[in-house]
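What follows is a set of notes on a single structure, which appears directly below.
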Amino acid sequence: MVIHPVLLIAIPLLFAFLMPLLKRAKAVTIIILLFNTLLAILMFHNVYNNGPLYEIIAFSPPIGIYLYVDNIAALLAVMINLLAFINFLSVEKVEIKFAMLYLLAVASSTGIVITGDIFNMFVFFEIAAVSSYALVAWKRDKEALEGAIKYMVLGSIASVLMLVGIAFLYSEFRSLNIYDIMNRMDEGSVLILLSFAFLLTGIGVEAEIFPLNGWVPDAYQGAAGSIASLLSFGPSKAGIYAIARLLMIFSWQQSYDLALSVGIMTLLIGELAAFRQENVKRMLAYSSIGQMGLILISLSMLDSTDYAIIAFFFLLVSHAASKGALFLLSERKGFGSNASKYAGIVSVMSLIGMPPMAGFWGKWYIIMGAMQMEAWWIIAAIVFSSVVEAAYFARYLSTTMQEEEHASIIAAYPPAIMATLTLLLGILPFIYKIATIGGVING
Amino acid sequence: MVTVVSGLINVLIIAIYATVAMMIGILFMGIGRKIVARVHNRVGPPIYQGFIDIAKLILKKTNITHGWIYDLALLFSITGIVLTILFLPIGGVKLLSTEGDAFLVLYLLAIPALGFALGAGASGNPNSAIGVMRALVMMLSYELPFVISMVALMIYYDTTSIAEIVASQYGKWAILIPPFAISAAVADMALQGMLMEAPFDIPIAPHEIASGPMAEFGGKHLGSLMIYKAGTIVAYTTLFVDLFLGGGVVMKGGIVADVVNFIVWFILIFLVFTLSLLINTSFPRFRIEQAFKFYWKYEAVLAIIALVWVYWMVIS
Amino acid sequence: MVEMVFAVLIIAFIFTLFIKNNRVASIISLVVSLFPLAAFLDWGREFGINLISIGFENTMNINMAGITLHFSISPLAWFFGIMLFSLIPPILLYSYSFFSKNDGFYPFMILLMVSVMGILLSSDFLSFFLFWELMALGIFIMICRNGDRKAMVRYLSYSVLSGVLILAGIALLYHMNGTLLFAEIMLKADFETMVAITMLIIGFAIKAALMPLHTWVPPVYSTSDEPFVAFLSGGLSKIGYYGMLLLLFAMPGARVMEAYINSSIATYLLAIIGSLTAFFATFLAIFEDDLRKLLAYSSIAQLGYIAVGIGTGSSIAMAGALFQAFNHAFFKATLFLAAGSVAYRTGKWKISELGGVAYKMPLTFMAALFAIFALAAIPITSGFAAKWLLYEAAIERRYVFIAPIMLIAGVGAFLYSFRILYGVFLGENRYPDIKEAPKPMVAGMFLLVMPLIIFLIFPGYMLDMMDSFLSSAGLATISHSPYVIHTTLGNYNTIAVIVGMMFAMIPAFLIYVLRKQHLVDFEDNFIGGEIPSLYEHISMHAAHNFYKPLKDVVMPYLEGGATSIYSSLYKVVEKIADGARKIYDGVVQDYAIYVMLFLLIIAGWLLW
Amino acid sequence: MKYEEWSKISRIASKKSLWILHFCTGCGAIEMPPVMTSRFDMERFGMAPMATPRQADVLLITGYLTVKTLKRVIQVYEQMQDPKYVVAFGSCPINGGMYWDSYNTINQLDKYLPVDLYLAGCMPRPEGIINAMMELMEMIEKGEARGWEKYRKNYEKYKKNQEMAFKFGKVEE
């Protein structure tokens, strides 16, 4: 069976724009997301058995649209679509515009992951960003608008910077194909260095790295639970994956050092900011920042140790699923039902890094890797941030466990399913195998 | 057959020694009162007064009880103190002291105290509770210097067994070795607290808390506590004599030696007891926190000096 | 067969999750808890102790994609297994009456059993760590059930710190040895190994509640359910020491440490920390008014002794440490359960509010009394043998600092023991209307007391149980018969004590039996001739602020301890955190400036 | 040995070890310190002051008793263990002494408690006290000091009188 990765992007895009014509927005969206998930799983199966998948649309590279799907990209596509599907189940009242924006955000996030073309990536970023602005503002109250505006301001700056970066790159290589550029990359002229700086800054805004993440707390705070959840596993994860690719393109020691120092700063500042935070969503947002820092640290070790890639995957996937669940749960004051309690505890434990949740493997491999590199400061930072994290999450649990507010099925089960995913990934660490086979992130 | 007979003889000897020791204790109570009276320029009771008191108490027509926990005081106090005496070498005769050691003796001494405390608690008298509190705090206070001194002895003789310590001191008593002279002085002040003599008679303090733990005891219960008190006099003075004065052993082998040793032991414990009484008569009562500070500040420092000295001697 | 035990436990875990009825869940978990116990009893064959014979296999490997978990039984694990798993059935029996509905206690007890079994059986560090963290998780969920914020925050922070430190230590060992198998890891006396061992030991010490890493214990013990706390204090706290023993003695690679241990400052430091823990925690326990906190500090103190034993490292010390661990498991579990029974009937935790419970709950009192005797190491319980071995070991090594500290902590134990006895059980009869605890609860407590009596008479059996561990760790075994222990310094003959005691009891018994006595009312008490019944209320219970004179003297020196250091540290972190939070000041212009600055800085850095 | 012989031993022991509880609400208490200390030294006869009634054999009432203190005296007396003896000290417990017409003192202790020995005088000198104690000892040895038995036998009567006293101040004489 031939699988066309482009369908993953095309179908939601198509239906997103067809949405005003359709009556039953919720059902349609659910079907599309389910279909997309299945497609992604099939694609992953295909890629896993037969090796990376290419697809060229319209023209041959380096001019045309070029999709490149390897193990990791396929897995991320599965993750984004699956979580989007589960997350969508928790939305009670679906308006047409909402469904449209949601599909756009999902499609564009998937696009960022599977594209092999840096300009396409920019386009998808733009779509993701624009739909995210609208989604954040969805509640239309003061907080939501504030968050959306901040997001929009920073997002616009980011897109300009990204565009400039791409322009520099294009002027140097006369190509936009990531693979192509990667192969031709060498020491680098001033222009290339500048393009790296611009691209990193531009993508970094989306990937929530310090200090480009000013929009994060406000946007997450303003957005509804399901939107915050979408942001955390959609665009931001795609963004950090884009940074991974960026590091692959510009694979100099300098850029890894940069990623490491930025990562440690992001980790510490994110966790510390969460430590004193009273608002749940804001706290979770800061915690996301911290986790992004951790992921960035794992990326910065890509060059030095084999564990980094595994750590990267576990951290990415576990954080996506568990933070998604927690944002969904943050809609209500307390957990209120056993399913929610289960979801809350499992997700928190995964974030803290306790086995048998998936987050544990991330921490295990990142520490293993750091030991191999004999990078003591990484370990010190992780130890410190873990304790801080534990402290504020325990505080979080102690308040949420006590509040008795009954949760409806629709509110209780989607997070529980996400938590189960985390748990299963931890108990059956097959990703370990996938990641070791997948090996490297290609362009 | 022979082993059974010799075993029975051993048991008999042990029983005789224990009984005699208890008798000596009761006698000492009378002697003690006599000595105190002489210091006060009084005549004082006859020296057998202790026997009379105990007989009177036990033969009282009625005895009250506050329940079975209260009765534990009676059972534990006599049992515990007799058991302790069994584990102390008396005048070179080892009794059961080869089967246990100084730590065992320290903890055995806690049995009667705990039983006493249980009974006092069960009586429900608030004065008793306060008395027990004071007794326990006193215990915490005097144990520190005493234990440090004991540890010094143990590391010097490289044994924890009291019988061994006594045997090693044959010919040269520990108190003649300079650091142990300090230790002995410290332990003697601890002894003052153990025997609850002034200035450390805080737990009993009849004028403050109506004789403290004993407030609700009368009749046979009080009688048993007096026997316990008599036993503690012998037990603690013997412990001191065994640790620092060679257990009174001056001869070896044969029955004659046993008799001589016994007499020397008797004289030594009498001297130790008299010394404690003389201190008793010359001092008023400390408050409990003063006692605590006394033991943990001055006594402990002296004990530590001795311990360091001994440690240095042992190492070099 | 091992798989079967695991499978049964996991099935029971899932099953009990969905049972609401307390009694059914209790019986199921009680039955299930006998499986691991049977397995461990059966494995006694390997170490020369035939108790039952079923024929459990003793090794197991689990393959998960790319990762293999190795399991096998070792003498040390066997000892701890017997200890922990014989603790569980009585506790579950007790819970039969203690709880009214099953809201998560039983499944997570079973989960804890799984984790303990995993920890004990694991023979590589990965599975050890997996189950270690599973245990931490189980404990956390148990704490969550009562949802006390302080307990949760402290426990989780400490637990994560411990987990990460252990993880780092393991990673370092792996980095140096290239293997995670206990059998293949070699410990050398070089700097990196010392770093790894230090990290691991600190991680273990947190679970073992060694000072100054103990501050999570009092809030946790004082807010969770008693049956769980009984298991936590009695059982799970020993797992920390299991880790230490494993690392320092049981691992084959640890043999290299032997030469090192003899002159080591590091292990001497552990012994000193242990003795100071015993000392200070005892003082904290003396002044505590909350019964559960008192018991918590007492736990910390008693666990400190085990650290002394491990730090001393001779065979006597090791035997003492293991013996102490065993005793502590049982007497402290009994005490927590007794406290639970008292609260079950009276609903009070404060010692100053309790009083006279013994008259109405004599069986609970008897169990508690016996446990307290063991706690205070009175020689009519097995508690003494353990402490005795530790004292002997300290004297043998000439630890002149540690021995007196330990002895004084032992005396201090009398003080807080009496506080429990008097304040809770004796004194004024304040609760005339309560009943004895339900039968299953009483039965649970008495079952827990049994081992203390058995090993009182036959401490030699306990030493038999450790012999194979001692010889596998390369230490000399202690010469003993069932009732006599010989060391180089002295002997302890339990039969002499017991027989001597029987003889000594004769006169007391005669006096007791021959002279008649009559019971009088509680109010018939001499308080300066005053008549309590004339007044509406006159408190005759002197339990409030019991050791005030001592407290006035000692407390100034105890303040400024670990808690205050941590709270000042916490304040510093709070300040830094506030600083971090202020970076996100909510002004979008600032954020835009951050972006540009970032761009400039990295561009500058890259170009430069 | 028969009970009689036991009780004889018991009486001898009792006689030689009289432990006294002073109920010192009256002025007579001032005469006790000389008795205890070196001038007269009562300890040579085995007498000793005790702190609580549980321990004591002799209850020494050293002067007048009001209705209020009578309650306490009775409580204390009942807390003592048999055999126990009451010694009324001075003239107040005999007939009220100088307080004989006070509204709140009782005049005749004998109505409420069995008094074994009266010690007349206002105040009796220490020699008198010693003398009285010797007398009590002799009575004990002969088995004449049987107040405690009397109290048990006539408990109803004593109780009635006591209650009358608590109600009306004193028993009509």
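Going in written order, the chains are labelled A, B, C and D, and every chain counts its residues from 1.
Quick note on the criterion: a contact is a pair of C-beta atoms (placed from the backbone, for glycine too) under 8 Å apart; a residue touches a chain by one contact, two chains touch by 3 or more.
The structure displayed is predicted, hence computed values, not measured ones.
Chain C has its Cα centroid nearest to the centroid of all protein Cα atoms in the structure.
Between chain A and chain D, the centres computed from C-alpha atoms are 96 Å apart.
Look at where the CA atoms of chain C average out and do the same for chain D: the two points lie 59 Å apart.
One inter-chain figure worth recording: chain B and chain C are separated by 35 Å, centre to centre, where each centre is the mean of the chain's CA atoms. The distance from the centre of chain A to the centre of chain C, with each centre set as the mean of the Cα atoms, comes to 43 Å. For chain C, the set of residues touching two or more other chains reads 524, 526.
Shown for chain B are the residues in touch with two or more other chains, namely 60, 62-64, 210, 215-216, 219. Listed for chain D are residues 52-54, each touching two or more other chains.
If each chain is drawn as a node and touching chains are joined, the picture fits none of the line, ring, star or complete shapes. Chain pairs recorded as touching, per the definition above, are A-C, B-C, B-D, C-D.
By the touch criterion given at the top, residues 33, 37, 40-46, 49, 52-53, 55-56, 59-64, 206-207, 210-211, 214-219, 222 of chain B touch chain D in their complex. On the side of chain C, the complex with chain B involves touching residues 356, 358-359, 365, 369, 373, 376-380, 384, 387-388, 391-392, 395, 398, 400, 403-404, 407-408, 410-412, 414-415, 418, 421-422, 426-429, 484, 489-493, 496-497, 500-501, 503-505, 507-509, 511-512, 515-520, 522, 524-528, 540-543, 546-547, 549-550, 552-553.
Residue ranges on chain A touching chain C, taken from their complex, read 149-150, 153-154, 157-158, 161, 190, 193-194, 196-198, 200-201, 204-205, 211-212, 214-215, 217-218, 254, 258, 268-269, 272-273, 275-277, 286, 345, 349, 352-356, 360, 363-364, 367-368, 370-372, 374, 379, 382-383, 386-391, 393-395, 397-399, 401-402, 428-430, 432-433, 436. Interface of chain B with chain C (complex): residues 11, 15, 18, 58, 60, 62-67, 69, 71, 74-80, 82-83, 86-87, 96, 98-104, 106-108, 110-111, 113-114, 117-118, 121-127, 129-130, 132-134, 136-137, 139-140, 143-144, 147-148, 151-152, 154-155, 158-161, 164, 210, 215-216, 219-220, 223-224, 227, 287-289, 292-293, 307-308, 311, 314. Within the complex formed with chain B, the chain D residues making contact are 6, 9-10, 13-14, 16-17, 37-38, 41, 43-46, 49-55, 57, 80-83.
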